[in-house]
Structures are given as C-alpha cells and as structure tokens.
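Before I ask anything, let me first share the structure, which is written out below as structure tokens.
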Amino acid sequence: MRLSLQPSLDPTAYRFVHQVRTRFAETDAMGIIHHGNYPAYLEEARAAMLRDAGFPYEDVRAGDDGIDFAVLELYVRHRQPLRFDDLVAVHVVVDDLTRTTFQVGYLLTVDGQARATAVTVHGAVDGRGRPSRMPAFLAGLVGPGD
Amino acid sequence: MRLSLQPSLDPTAYRFVHQVRTRFAETDAMGIIHHGNYPAYLEEARAAMLRDAGFPYEDVRAGDDGIDFAVLELYVRHRQPLRFDDLVAVHVVVDDLTRTTFQVGYLLTVDGQARATAVTVHGAVDGRGRPSRMPAFLAGLVGPGD
Amino acid sequence: MRLSLQPSLDPTAYRFVHQVRTRFAETDAMGIIHHGNYPAYLEEARAAMLRDAGFPYEDVRAGDDGIDFAVLELYVRHRQPLRFDDLVAVHVVVDDLTRTTFQVGYLLTVDGQARATAVTVHGAVDGRGRPSRMPAFLAGLVGPGD
Amino acid sequence: MRLSLQPSLDPTAYRFVHQVRTRFAETDAMGIIHHGNYPAYLEEARAAMLRDAGFPYEDVRAGDDGIDFAVLELYVRHRQPLRFDDLVAVHVVVDDLTRTTFQVGYLLTVDGQARATAVTVHGAVDGRGRPSRMPAFLAGLVGPGD
C-alpha cells in the first residue's frame, strides 16, 4: 500500500476547490448518492485543478509525452451521505510526489460540512500503459499553495 | 481510518467467488476498465455472496429490521488493468466483525492472474440511515469457511 | 410509442440551456463519450430547468403530492460524438403536455455545433409508482417562452 | 430518424437471449433501476449475441477492418420498472440491415413479463470514426433464425 496521505478536514489545507452538483442518476435505493460515483467526482475535480493550473488533461494526454495519470490506489471515507441536488465542494491537494508516483487528497463538503475525505495514488504511464517519467509541472502543484 | 483488513493474493483465503463480465460501457479512453466501476463489481460480489449464503440482500433490506449495509470506507489497489470482455473472478471474504462494523476483502483475478485487491468497511443502518445492530447471521460468514 | 416531439436543430426553439462538462469517466475505448451517459445529461438539464423555473425537483418530490416524473420513453439521435472535457450546451424545451404525460426535447451542442438531439416522454407518478395527476405548474413551462 | 424497427412483445421473434442481474449501484432514489442503465444492458446483450454467434466484439474491433458499431440512435420504452436483484432476460434480434446501417430490437422480461422494449440503430465505423463497410457476417444474423 503506497497510500500515505492523510486528508485534512481543514479546507485551507487544499489548493483548489471544484463544485459538483450531484445527479439524480447517481442516487440509489437508500435515497443517497451511491458510493460508486465518488471516484468520478474526484476525477472531475483533479481535471478541473489541472485545467485551472494551465495544464488541461487533454493537452497532457495529447502532448509529446502522451502521458496518462493511472490510478494505482483509491481510498474513500464516507462521513455523511450526499443527497440528490447537493452542491458539493471538492477540495483538492497534490502531495507525496516521488519520481514515479504522486498522491491527491480530497475533502468533500456541503455547506461547509464534511461529507467525505479521499486519497488517490497515481503513476504516470505512456500511451501503451507503461510507467513513464513524471511531468515536471507537477512539482509546482504540490501542497496548498500560497 | 477503520480499514485494517489486508486482502490476500491467495484465492484460498476467500470464502466465495463471483464472476463478472466487464462491459464496453465500463471502458474509458485509455482502453481499459475505468476505475470508477470497481465499487459496483465489489458490491455485486457482496450481494452474490449473501444470496449464496441464504441471505438475499433484498430480504435483509425488507425484513423486520430493514437493514442496509452502508459503505463507510473503500480501498482499491489496482495491480493490472481490466479490459473489455474480461471475465473477472471476484473473490470475497468477510472479516474484522465488530459490534458496529465489518470488513470485506476482495481479490480480482482474470485467468488466475491478480488484477486488483480491495477492502470495504460497512456499518449496519436502519431505514432512516441511523446505526443499527449488526444482524446475527454475519458471524457465520466470517473467514474463508471450511 | 407516445413519442411525437421532433427536436429542433435551432437553439431558439428551446426555453432553457444547461452546461454540462463531460467527464473522463464517461469516455469509452472508442475515445468518445459513451452513449450510455446521455440519459444522465438530459436528466441533469431537466432538473436544472425546473430549478431555474422555481420548482426544484426535490421540492416537487417531497411536496404534498410527492410526485416523480417517471421516464416512459427515451430517444437519442447521435449526430457527432462528444469527447472528454467538452463543454456541452444542453438546450431543453417542454412540449406535448397531456393530462397524463409530457415530452421534453433536447439539443446538445458544443461551440454551437449540433452533437445530438433527444426526446423523453414522462408521466407523473406518486411515491408508490402509480400514475398521478400532472402538477399544474407544468403548463407554464410549455414551449420556448417569450 | 432512421429508427424503423418495431420491437415485438413475443420472445420467439428474437434470435438470442442474454441474462443480466441488476445491480444495487443501478437503483435510484425512486427504488427502481435508473433508466440511464438500460443502454449498458442492451450493449451487454449485443456483445453476448455476437460472442455466441462466433464474432466476439473484441475480434471485430481488433481485426483487419478494425470496425466499431457506433450507436446512431437509441429508443427505449419503459413498460414496468426493473428492481434490484431482478434477473432480466434481454431478448435480441438484428434487422433492417442496409449497406450502411443495421437495427437491433430488444425485449426485456423478468419472469416472462415484459418490462421494456428498445431499438438501437448502428453504423460501422473504422478506427478513426469514419463510416466503414458493414462486415459481411451481419447478413447471417438477421432475424430470429431457425
């Protein structure tokens, strides 16, 4: 298990926040958002952070290096359920960057109340899925920023 | 983090195995099964294990207790990608049963080769989402069995 | 087949437009957005239109009438594929309101270019899934508006 | 609208039947299977029919022609809802084959009772998404067979 990042409950520990409106299609028969949708929320927030930082994921994928950030590990802790039509603030921070992997921490809140925390561990892979060198720009995204 | 179970790479450490055929709808633009689909595979295998043990999930949900097994934590480690049309053997074992939670370990293999391991931590909740007593039958499902 | 609405390619024929950013999780191994995600886009746009019109879907569901708008029929015509990170304008119009059903037409565009058109046919059902009277407010939402 | 096939309510009008067990992840807050999951059920049944006929979809995609069957149109009529843990028989038939398109009809039943009918219209495209010649083997799959 490479996963080591401890996601904070303090929003100021994060660099970026992305809003996601939950969909009715994402509810389940318990009347809450099914846990299987959280990976897509996390990924949408990662992509928004990269776009905001000037590195749209599509450019990263299509560039000379043709790099994808494969998900190696995923951890989600559910604190309170999300419900349909919730406007979820997904706080994102990159940390624990090594030569081959980096980790992303997440805090999901609704109206300032923590609903879930999560961590993903990523490796860089080329177009054939083989491990690749980590793009240099990632070093500039580590931590909560200024 | 309640998650403590270490999922084994040895299929004999599991009680039950459930086959899932991956869907084209579950692939992504990297040409592999998107990681967001794994929670649904795990859940399908849990439901199949309960059905096989004589406790169909729908009966548990509709019974006097009206119990749901809420997902409190989820961890997935991706070892090798799954691809479209793979027939995935999802091995399942219940462990670490306490008065309020239990954990489920998973090993996903294709043709005997490990593709992923995973753990989910569950609590019993009643129809209104409040913590509930763990159903007695779970004690009989702990470990790999005979 | 109740479906009768012919969705226009002219954006001015629609009452409301809702923006959806496609997710990487929604791509498939052809490198495009998988067609199975379109129903969720349409539903999100319907919910946004109701919210904008002052009738949040959650209020409609939780109100005295406890009404859901069941999907009776769905039709989608794919003209050009959507790709990851596309910002999709989903144009929405209600039409063909009867005592028991209404239809919703959709035009999906990216940068003003038509990508898909769609129609859904809905009936009002109560909390037990039985046909219910159509809420009066729907009559005010028919057509493209002023 | 190319869609012309009228899906029959008679199971003998279909060539092939594929069983799908609904997932809890596919339910919604109405307590039924969300309509957005039906396209994936239809696609899984199409793939199973091709596999059964000796033309696994992965072979078709990876072959010299590198052909994909793009979905041009989709129509679903919901007659009765599906629920969690339903074992759904998805009946499939190919029809209305032209030089550039073919249509597939579907009947979804649970315990012999019709739940939905559907039609998809497909075109053959090459690896770059351009229209391609229809593979010859499709002509042998038209209609309910012997």
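For clarity, chains are labelled A, B, C and D in written order, and residue numbers in each chain start from 1.
The rule we apply is simple: a residue touches a chain if its C-beta (ideal position, glycine included) is under 8 Å from a C-beta of that chain, and two chains touch if they have at least 3 such contacts.
What you are looking at is a predicted structure, and each value in this text was computed from that prediction instead of being measured.
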Between A-C and B-C, the pair joined by more C-beta contacts: A-C
Chain of greatest Cα-centre distance to chain A: D
Whole-Å separation of chain centres (CA-atom averages), chain A against chain C: 29
Chain B and chain C, separation of their C-alpha mean positions in angstrom: 34
Junction residues of chain C - those touching two or more other chains: 24-25, 32, 36, 39-40, 43, 84
Residues of chain D defined as touching chain B within the complex: 21, 23-26, 39-40, 43-44, 47, 51, 56-58, 84-85
In the complex with chain C, residue positions of chain B that touch it: 24-25, 27-29, 31-32, 34, 36, 84
In the complex, chain B residues that touch chain A: 1, 3, 30, 32, 35-40, 43, 68, 70-78, 81, 129
